[in-house]
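Each of the next two complexes has chain A plus one other chain: chain B in the first, chain C in the second.
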Partner chain A sequence: MSEVLTHVADNPAAPHAVSVAGADRSGRGKAVLVTVLKSALALVFGLPLLFMIVSSFKPDTQIFADLGGIRAFLPVGDIGLDNYTGVFDRVPFAQFLFNSVFISVATVVGGLVVNSMAAFVLARMRFRGQKVLLAVILATLIVPFEVMALPLLWEVNLLPYFDGVEFSQGWLDTYAVQIVPFIANAFSIFLFYQYFDTIPKELDEAAMIDGAGWFRIYRSVIMPLSGPAIATVAILTFLPAWNQYLWPLMVTQSEAVRPAMVGIDYFRQLNVSWGQLMAYASVITVPVLVLFIAFQRSFVNSIASSGVKG
Partner chain B sequence: MALLMLLPASVLIITFLLVPIGLTFVLAFTNARLISPEPAQFIGVTNFVNLFSDDTFWASLRNTIIFTVVIVPVQSGAALGLAVLINSKMRGTNFFRTVYFLPVVTSMVVVSMLWLFLYQPNGLINAVLANFGIAGPDWLGNPKTALIAIILMSAWQAMGFHMVIWLSGLQTIAQELYEAAALDGASRWQQFVNVTWPGLRQTRTFILITITIAAFGLFSQVNIMTQGGPLNSTTTLVFQAVRSGFQQQQTGYASAISLVFFVLVLAVSLVQRHLTRDKEATR
Partner chain C sequence: MKSSIRRRLTVSAAVVTATTLLLTGCAKGGGSSSSGEDGTITLWTHNAGNAGELGAIQTIVDDFNASGSGYTVDLQAFPQDSYNQSVTAAAAAKKLPCIMDIDGPNVPNWAWAGYLAPLEGMDEELSDYLPTTIGKYDDKIYSYGFYDVSLVMVSRQSILDENGIRTPTIDQPWTKDEFSDALAKLKASGKYEYPADFQTGSTGEWWPYAYSPFLQSSGGDLIDRDDYKSADGVLNGPEAVEWATWFRGLAANGDIALKSGSDPTQAFANGKTGILYSGSWTAVPLRKAFDDTVFLPTVDLGQGPKIGGGSWQWGMSATCDNPEAASAYMKFAAQDEYVAKVATDTNNIPTTPGAAAEVPGFEDGGENDIFRQYAQEYAVLRPVTPGYPFIATTFTKAAQDILNGADPQAVLDQATKDIDANQQQNNYFQ
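This part shows the complex of A and B:
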């Protein structure tokens, strides 16, 4: 009954619906209203992306012709892959894509190893200054990357670079400059730290009695138990690495190392072909969307867990 | 051994996080250039004097603050609305959550390119408006609407992210509290004010701080869609810092802008921390 009452109370459409039957009807009406609202919002969030994908198969003239109506969101008319072949003709797209994948994967893998090791030391061992170290790491979280981007640009331009054979000055226009600065991540360390902290310390002691060293415990005891934390950190590292724009815009000049996000800029210049632009955008977006839908639960849990800090 | 495991992260954090933060403070008082045969020299507060007499800097500071002040309540409020809307066991919840979240996994670069087309004078949005007999403006070409257009698009992109965080906050609130409130005859709105809102205090702080800091960093959208124009109506602090530090290679001047940006972020974090701490004390 109280459930029914609350529905009546906040349904302005039926302020006097006191009979049970009336309340039921207003409750159902409200449910319909909520569903309509949710669906309208789904259109707001979904349609622009649908438009992007659909338009990538249409020539520019048809994109504009279809704009006024529902056809803008339907793959109808002169549908083809011309925009896609056009993209590959116009820019070294395969190279851009490879660069993006390579940079993102390297950042994720490097980040998983480096940050989990650091978090392991902070969470499982006891030494002086441990708390201070953790506090310093956490304090850096409020500094946005954009604050130090320009000084960092100046710094990496002076850092010695080792190409495997000899040292030279400056990291600009390399893969390394797009990967190495983003491997260690205070937030990843924090996420691992939080997770490691929940694993019983008795496991360490048992492993030590069996003669395992710290590294062995890290590798064979703790990491195998940390699947969810690894997934979270991997996702939260991958997305920004794949989406990086400001930094590669400044540090890359040659197409050999440019990632796809910066490559898209080519389409802003002379003679915009909107269809090709949509094709380019679709290729770099759809795989991530598919990954997201496939691993939805992990994605959402990662984001949610990023909110429960403090 | 322990130190060896801590070493890679320490070296990287010092080199690529602490040193650049420190450099911001040092370089801001020099005439350092990105590529220069001559070593940088200390020039005192000259960069700041120049900065404060530069109209473009004031425009970028103003736009950055307007963007932040508008987007923080709009985006967090709407995201909370979404979260409350789908925080039920009704069928289809998962579907709606997924759809609302799609723009979040789409990069800001792609979103900006896509909306650059939607916002064209003859683009999708104006075509849809025309169906209702409304003549839409030249969204990005008009100094009056350009920043609003960027705000709307940015909120659209990131809202799903904060919806998920609000949702996880909502789910920590015990169901019994709602049942008890309902028994006492509290309306849905009263339940929201007396149960939901207080229960979200921690989530709220987190969301406000993250949106604020992210908003201060506005860059990609501007660089792709407007290049700061028209008439500096969308230029931002980071956009100006990149323009001077990268395109014009004036690292010292760019560092001065970054330092202003840093002070802004620090001030907001401290104020927000102070406000939440006060509340804890009175409770």
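This part shows the complex of A and C:
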């Protein structure tokens, strides 16, 4: 100890060295703490997913026998693919998956076009009542869907429907009824509006001098510069479209147009098939997981930007 | 310039095609109309994912379609968990199918709301059906069911014997004291976290279906059945308070969980409880789990054991535009042959004696005959009033509050007040 003190006294830089060492130690401690906290958070969010996947390979009796211990998260015991076979026997899985993919993708594509156009008009063009219109659109965000569900049901039931051959009344039990009401979205318009607002107006003026009209400016100038906003809106539209439950429950009557989320109820009979339910949940989570892993960076950025900006 | 026009045309055509596809969604699913012009009517069932019952219903539909009646039935299956919401939404849109199944206690409400049409001219076909499987409102028949189910106390003979617990019979069920004694013995054995599982974690209709029979066994009821106008005196009288005190005592003593696990049947199969209060639908999995499973009568709290009566039933919608076809199907399906078919495939209690003789296990002395006997001896219909859905949710809340330790008299007085107010506000559903 005395050696250290002597060494410190002899060295003018020593106090600094001590503080740097201390800072290093406290920095390391902080980093360890952050890592531990992050790991704990990862476990909190990851364990249910792990439990779902592991349980999907176990028979019902074993799922419950393993509850309350670490075995619940381990692929041990009577492991097999029976639950997955059961899922494919019990629900028209391919049909449900196709329906969900079709509905989600159509909603995303439609949403990107319609909402970006609306936002373009609000952000780039000038007309009387522009701000009021934007405020009215944003005000619709405070109305929850559950409040609108019944009036919307009545409305779509009165709309004329063309099935390619003839007209009839009502949109119930169609893909359209699950897609069209969700294309125009105030939040998506707001996200596009915010992004478009940051693009210099001089670009519009330059394009106009070159003879471009508003649509050309939207298509050839603004949209090509809006990759991050497009990714954000695409992801934030896809997730709720994929997870839709209440609305399809109300408007679909046949399996031909029923989405995968409603299919989960097929396993909740008097004697619930927990293993099959976990297998089904695992299978319908895969597309979302793949999407998440593929667009992880955009997804995180989109959540961050939509939460922080504005 | 030309290529620009061509490109614009191509884009426009693509947009128009995509929009058309999007809007039309290729085609309708096929389930949105109650009846087609070609004599096709739609039938809805709550059995999506339930292979046994769905298969049996499909057999009836196929047989009817092949019977040469001139009508065709198109079956649409919905998952049970969300079936009522789907029907209510369809009713709001005036798009009910011609034929649908209904949970028994909802029949008066759906009949009053105008969803259902009375079944005319079926008295003969339904003459020997169990009374609990006929849905009536305002002296008219609105529905019939192929089966009923029975509430039971499930245990294992070895558990009863090891703990010196008497095996109750239909003639001599457990009394309240005997049941308390049995629970005390199971608790003393130290083998179970809770001696009994009353499925208190279940939600929805389970609460009035499973726990109001105990109220009735104590001498109380959900509403005065003389005129269905008030619950005063029956839901908050001394007998009802006695039931509530007993019910709360089960949880307070640690005899049952305040909120049992998500699958009590599996918990019993894994040896976590000694007695399971459940239904005849557990017979198949629990006989498979143990070779000494016993299905016992429920407890007699003073007025004899009681169990809820009425399961899923079939009716015709009031908005069906081909009632002749619907009526033809309803008569066709009411035959013993189909009652037996559905009861066999679901392992439930067949509604007619003729069908019972054909269903393995339900013949006299068969292993499932006991369920039919319980249904005949103990079943009490849930109140036959359109106000039942409100009564059911009010009772559920009251029972949950009581189990959680609220004052029984205060809770039951409030529930009575709420039910009376609802009946009155709706002019007693007249």
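Rule of thumb we're sticking to: the second predicted complex is superposed on the first by the 257 of 310 C-alpha atoms of A that agree within 3 Å, B and C clash if a C-alpha of one lies under 4 Å from a C-alpha of the other, contacts with A are read in each partner's own complex, and residues count from 1 in each chain.
Assume a contact is a pair of C-beta atoms (placed from the backbone, for glycine too) under 8 Å apart; a residue touches a chain by one contact, two chains touch by 3 or more.
Keep in mind the model is a prediction, meaning the values are calculated, not measured.
With chain A as the common reference, chain B cannot sit beside chain C without a clash. Applying the stated contact rule after C-alpha superposition, one finds that A:A234 touches neither chain B nor chain C.
Once the two complexes are overlaid on the shared chain, A:L41 sits against chain B while remaining clear of chain C. Legend: residue contacts after superposition of the two complexes on their common chain; A:V300 is shown touching chain B, with no touch to chain C.
Once the two complexes are overlaid on the shared chain, A:F64 sits against chain B and chain C alike. Using the contact criterion defined above for the overlaid structures, shared-chain residue A:L49 touches chain B, although it does not reach chain C. Contacts of A:T174 after superposition on the shared chain: chain C is touched, whereas chain B is not. Contacts of A:P151 after superposition on the shared chain: chain B is touched, whereas chain C is not. Once the two complexes are laid over each other on the shared chain, residue contacts for A:W274 go to chain B and to chain C alike. Touched residues of chain A were counted for both chain B and chain C, and B has more of them.
In the superposition on chain A, A:I137 makes contact with chain B only, while chain C stays out of contact range. Comparing which residues of chain A touch chain B with which touch chain C, the overlap comprises 64, 150, 153-154, 157, 180, 249-250, 265, 267-268, 274. On chain C, the positions that touch chain A within their shared complex are 18, 20, 22-32, 44, 48-51, 76-82, 85-86, 89-90, 92-95, 97, 261-263, 265-267, 269-270, 279, 281-282, 284-285, 289.
Chain A contributes residues 2-3, 5-6, 9-10, 31, 34-35, 37-38, 41-42, 44-46, 48-49, 51-52, 64, 67-69, 72, 113-115, 117-118, 120-122, 125, 127, 137, 140, 142-155, 157, 159, 180-184, 186, 189, 213-215, 218, 239, 242-243, 245-246, 249-250, 261, 264-265, 267-268, 274, 277-278, 281, 284-285, 288-289, 292-293, 296, 299-300, 303-310 to its touches with chain B in the complex. The touching residues of chain B, when paired with chain A in their complex, are 1-2, 5-6, 8-10, 12-13, 15-21, 23-24, 27, 32, 34-35, 82, 85-86, 90, 92, 94-110, 113-118, 122-124, 127-128, 130-131, 156, 159-161, 164-165, 167-169, 182-183, 185-189, 191, 202-203, 205-207, 209, 213-214, 216-217, 219-220, 223-224, 238, 241-242, 245-246, 251, 254-255, 257-258, 261-262, 265-266, 269. Across the interface of their complex, chain C is touched by residues 60-61, 63-65, 89-91, 106, 109-110, 150, 153-154, 157, 161-164, 168, 170, 172-177, 179-180, 249-258, 262-263, 265-272, 274 of chain A.
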